[in-house]
Amino acid sequence: MTGIVKTEIQRPEHMIVEELAAAGVATVHEAMGRTGLMRPYMRPIFAGARLAGPAVTVSLPPGDNWMIHVAIEHCQAGDVMVVAPTSPSEDGYFGELLATSLKAREIQALVVEAGVRDTRELTEMRFPVWSKAVSAQGTIKQSLGSVNVPIVCAGVPVAPGDIVVADDDGVCVVPADHAWAALEAARERLKKEDAMRQRLAAGELGLDIYGMRERLAEKGLKYE
Amino acid sequence: MTGIVKTEIQRPEHMIVEELAAAGVATVHEAMGRTGLMRPYMRPIFAGARLAGPAVTVSLPPGDNWMIHVAIEHCQAGDVMVVAPTSPSEDGYFGELLATSLKAREIQALVVEAGVRDTRELTEMRFPVWSKAVSAQGTIKQSLGSVNVPIVCAGVPVAPGDIVVADDDGVCVVPADHAWAALEAARERLKKEDAMRQRLAAGELGLDIYGMRERLAEKGLKYE
Amino acid sequence: MTGIVKTEIQRPEHMIVEELAAAGVATVHEAMGRTGLMRPYMRPIFAGARLAGPAVTVSLPPGDNWMIHVAIEHCQAGDVMVVAPTSPSEDGYFGELLATSLKAREIQALVVEAGVRDTRELTEMRFPVWSKAVSAQGTIKQSLGSVNVPIVCAGVPVAPGDIVVADDDGVCVVPADHAWAALEAARERLKKEDAMRQRLAAGELGLDIYGMRERLAEKGLKYE
Amino acid sequence: MTGIVKTEIQRPEHMIVEELAAAGVATVHEAMGRTGLMRPYMRPIFAGARLAGPAVTVSLPPGDNWMIHVAIEHCQAGDVMVVAPTSPSEDGYFGELLATSLKAREIQALVVEAGVRDTRELTEMRFPVWSKAVSAQGTIKQSLGSVNVPIVCAGVPVAPGDIVVADDDGVCVVPADHAWAALEAARERLKKEDAMRQRLAAGELGLDIYGMRERLAEKGLKYE
Amino acid sequence: MTGIVKTEIQRPEHMIVEELAAAGVATVHEAMGRTGLMRPYMRPIFAGARLAGPAVTVSLPPGDNWMIHVAIEHCQAGDVMVVAPTSPSEDGYFGELLATSLKAREIQALVVEAGVRDTRELTEMRFPVWSKAVSAQGTIKQSLGSVNVPIVCAGVPVAPGDIVVADDDGVCVVPADHAWAALEAARERLKKEDAMRQRLAAGELGLDIYGMRERLAEKGLKYE
Amino acid sequence: MTGIVKTEIQRPEHMIVEELAAAGVATVHEAMGRTGLMRPYMRPIFAGARLAGPAVTVSLPPGDNWMIHVAIEHCQAGDVMVVAPTSPSEDGYFGELLATSLKAREIQALVVEAGVRDTRELTEMRFPVWSKAVSAQGTIKQSLGSVNVPIVCAGVPVAPGDIVVADDDGVCVVPADHAWAALEAARERLKKEDAMRQRLAAGELGLDIYGMRERLAEKGLKYE
């Protein structure tokens, strides 16, 4: 079941991807019914990046980054490479040279449930990476993995072509066939939040805006 | 024992609070006899905030942020909301909308032994948060907790009205009835450190300034 | 076996140290055959520092920083103090006053497998520290340890006079007698990377540059 | 996407399940190409249980075990209930009363990526549980989850009807449509291991039995 | 605030303590409104102990067990010594010699948020310990702490004379002035559980016994 | 620096090894001046083993157990194999087949800073293993490491021929050239403990036996 590269994947419409990027991780995660969020140990190497793109998935062995080299060839401009080792590792699978290669191919970002190195250079290049650790620990190129097969990354299933949304809050994955529904729910949510924000900024309380007082009383909340 | 909101709490004198904020966490923790420091996993979402304020405490269930909404109403300008779930959680209890509400009420900051989201927006708003994790994971509004009851947050007991001091080093709690003693000890310490700093900057050694050489010799230290 | 201060240590040639600093942690770690890297929990308190220097080693008890005071006297300009407690601790062994003292002696940096405090002040002073935690927790001055004995810090053996290389990727240790070999391997590597970088930036693939396709096919990689 | 109970699931043939149970986790994991193994923090509450059964999956909120009650009704004799909260939790989702109910329905075992309580009683009842923690922390019955939807438990995707294999080494999941292939590979492996075991017990070396010496020499291994 | 030994404490009635011991941790924790439970990393060194007793509290420095010696003198038969270091430590604070001393004084058990050693001997002596770690790491006798002051142990506030309940599920603390209420609630709960157990063992479902179906439907649960 | 097998190592006298085994980890660690203890996450797979033996060291890559096969040939009866991956791993490096091979060669035990599998079979064979994790995760045989070079295992430097002492408390390493000194210190300690144990069992207090009261008073301990 290993050693497979699926060269063709279906990518979502560009417009959806862009709008989900703008909505951001927290909103998209809510729009998805609170699913799809990777574990909070997935952190960006620099603050401020906010993006979305189709996932190119990479499954590889612990301490071996060979399949990242294989995967690059099958990425398109705007893709986000999502990498998960088959057993937990914090080794440094990715650094400046690989980032140079990904950038040359206009790949947008890397999400890796492992370590990353050359963080200073990556930051200077503004190549965004979400990772579990920063580590210079070198990896080898000895064993096969697979490209564009379904994987689990940081607790979340990712299929090739799913939409990866990432910002300072972490990483969220939208399954390709939920993209439209997620987008509409996100739009709805953003609109409501806008109205909310103004009322809250004016000093109104969530208790009143959401009409929570009655339900709190029913549950037995007592003021002393 | 749950489902209680104490609406009135006693707050410390403003002057004490301000001076403790200026002294900072490390100094106040020392002035308190090295007590009151929350676990080091409590980290600020952006660097540079340094503040102190009376604690409004919130105890709530894992994955449920309803009581934060309840607590806002009972905060005053300058308060610091301190939130601890009844069992460990890294979910995102707090984000930009709640921060807008807290800011409208001039609440100074949030300390939460759980996750927080919308960190980019919170940083832009300069609303300081110390938390255990960054996570977009949504929470629900289903179960009661309590406001202004004694809690344990990140290993430290916090009573409503205790003084919370927070900066880049973490979070320290000064029990209300130790405030004066802590302040005086902090002042003393700052004065001594000032003198110390100048001598150390001039190249003198702590070994000599503190007169440690004799005690080291007594303990049997050997130079080879 | 404790309570010993070795006052004289052998330091590496300045030129080697400087060049290893410029090469950086990831390159030096590779040049060392992927050895010498401290655990990834060793993080800098501010981004951007990149340095190397001879190790002055300090072994001390949990929660006791007395030996740091002892060690300062035996450091020279450019040294890096490397501190490891004899059992795991996240207490704040080091802060602004000690940093003032180290700076006065032109000690370059601190590497400590424990906590550090006054991080704001240390950042303003630009005194670089790599540590396992940020914590204001105070330490005592009661028990002896040793200075300039071999230690294990964050998983790596460090002898006095070994070269410590540190940057945003972490900390790497070059044993004194491997310094020349490491330097030459690092130079070699940097040269190759330079050539590589240009080809990758031009869009060539690692698969082709490194000639990996044949070996991948031999291992049985299948494209679908 | 939540609040759904799929009442009918397809279960694998009994014979396959039995034989996989006998093969055990390590062998089945190998037979699956080293996939399907849950994270090693999933530990049995008592040693010696070794079993396999069709998965009935339960997705539920952190700190809320309501859906376990819902799921029982849709289990059959021999099933293994697999429970994963939607965000990490170590609360005690399951204890003696629920175990009594599962036992009455002849459900074989529980796998829960959270905490479990009443471990003494469960051990006396010989009701096997694999969990992430032992914790008496109570849970609530307030929010919906789903039964028999695809979940991720301890890093592994589990669909209803997949075969769960569990013993002292942990938990492994065999997707329903790989069951036959896994079984055949497991049989093959067991046969080979049997032969191997005898030769190794007689003092032969793996180096010779597997013919590794040549490949080691090629790779450059040096004996000194 | 350190260096204090309170020699006299108030102990709860023996009958209450015995009955809480019999009820066990999970039941008492529920009877307390789901409060008082120590973090799940507090584990017994051998299975099967189930006890309760008045807390004698010990606050001490990391890596220093001097105050345990001080505390013994102020314990009575049946007491449970509860020990928490002022900063996290996994050192071995306690072993066979101290256990011999505690046993001679008929102290029932030790609860320590740190490490313990000589676990084989302790098991043979049947002296029960709940600890955070097993570690042979030696501690010193250099610095004062306090005996019978309020502490926080594994996340829970403990005052001298509070009732500590401990079994295979962990450790729970009942504040002295809640003892009667906790006992009555525990009795109530045990009675209900008894009835429950019989119905569940007979194959009835919690869904029906608790009448949950209607509320599930209201919440929108759908069967497919 | 990798790919080396040192075939000849110097082993300590059998008598020393036996006596250290009988003394046990806690005593030997104390006799060594509280050094040499591996991190407390190194746990035995079954309780009750207590042994010592000369270390045969194995350094190998993450997820690759090839060098264990290489090392067996260079072990003698009574040796303890000590295995450390070059970057952290919890994979299952060792199971029943390898144990069969080690047993055939009368190797006493395995210490591995990683995972182990087939724990039920290993327990039935009574082959003792101390490991960081239990995990069935398979490893490969692709990359070289080294045998009988100095390594760091679980925080402790281990050279080939050093004496490994292991029991239910964990693992301690005695450098070969400290063996005699450690043994004598251990004997001394055991004698003293014997006397101590009797006095403590008779109800005397450590406070009095060690004469601690005066020093406690000097430090300022106050009884209230």
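Some points to look at:
As written, the chains take the letters A, B, C, D, E and F, and residue 1 is the first residue of each chain.
The criterion applied here is as follows: a contact is a pair of C-beta atoms (placed from the backbone, for glycine too) under 8 Å apart; a residue touches a chain by one contact, two chains touch by 3 or more.
Quantities reported herein were computed from a predicted structural model and do not represent experimental measurements.
Using the contact threshold fixed earlier, the set of chains in contact with both chain B and chain C is A, E. Looking at B-E alongside A-C, one finds more C-beta pairs in contact between the chains of A-C.
Chain C and chain D have Cα centroids lying 42 Å from one another. Our note on geometry: chain E versus chain F, Cα centroid distance of 31 Å, whole angstroms.
The centroid of the Cα atoms in chain C and the matching centroid in chain F are 28 Å apart. Touching of two or more other chains is recorded for residues 34, 88, 90, 137, 143 of chain D.
Under the contact rule stated at the top, the pairs of chains that touch are A-B, A-C, A-D, A-F, B-C, B-D, B-E, C-E, C-F, D-E, D-F, E-F.
Partner chain F is touched in their complex by these residues of chain E: 3-7, 66, 69-70, 72-73, 90, 92, 95-98, 100-101, 103-105, 115, 117-120, 123, 133-138, 141, 143-144. Interface residues of chain F, counted against chain C in their complex, comprise 1-2, 32-35, 39, 86, 88, 150, 152, 155-157.
Chain contact summary for the complex, chain C toward chain A: residues 24-26, 29-30, 34, 37, 40, 43, 47-48, 50, 167-170, 172, 193, 196-197, 200-203, 205-207, 210, 212, 216, 219-224. For chain C in complex with chain E, the residues that touch the partner chain are 61-64, 87-91, 135, 137, 140, 142-143.
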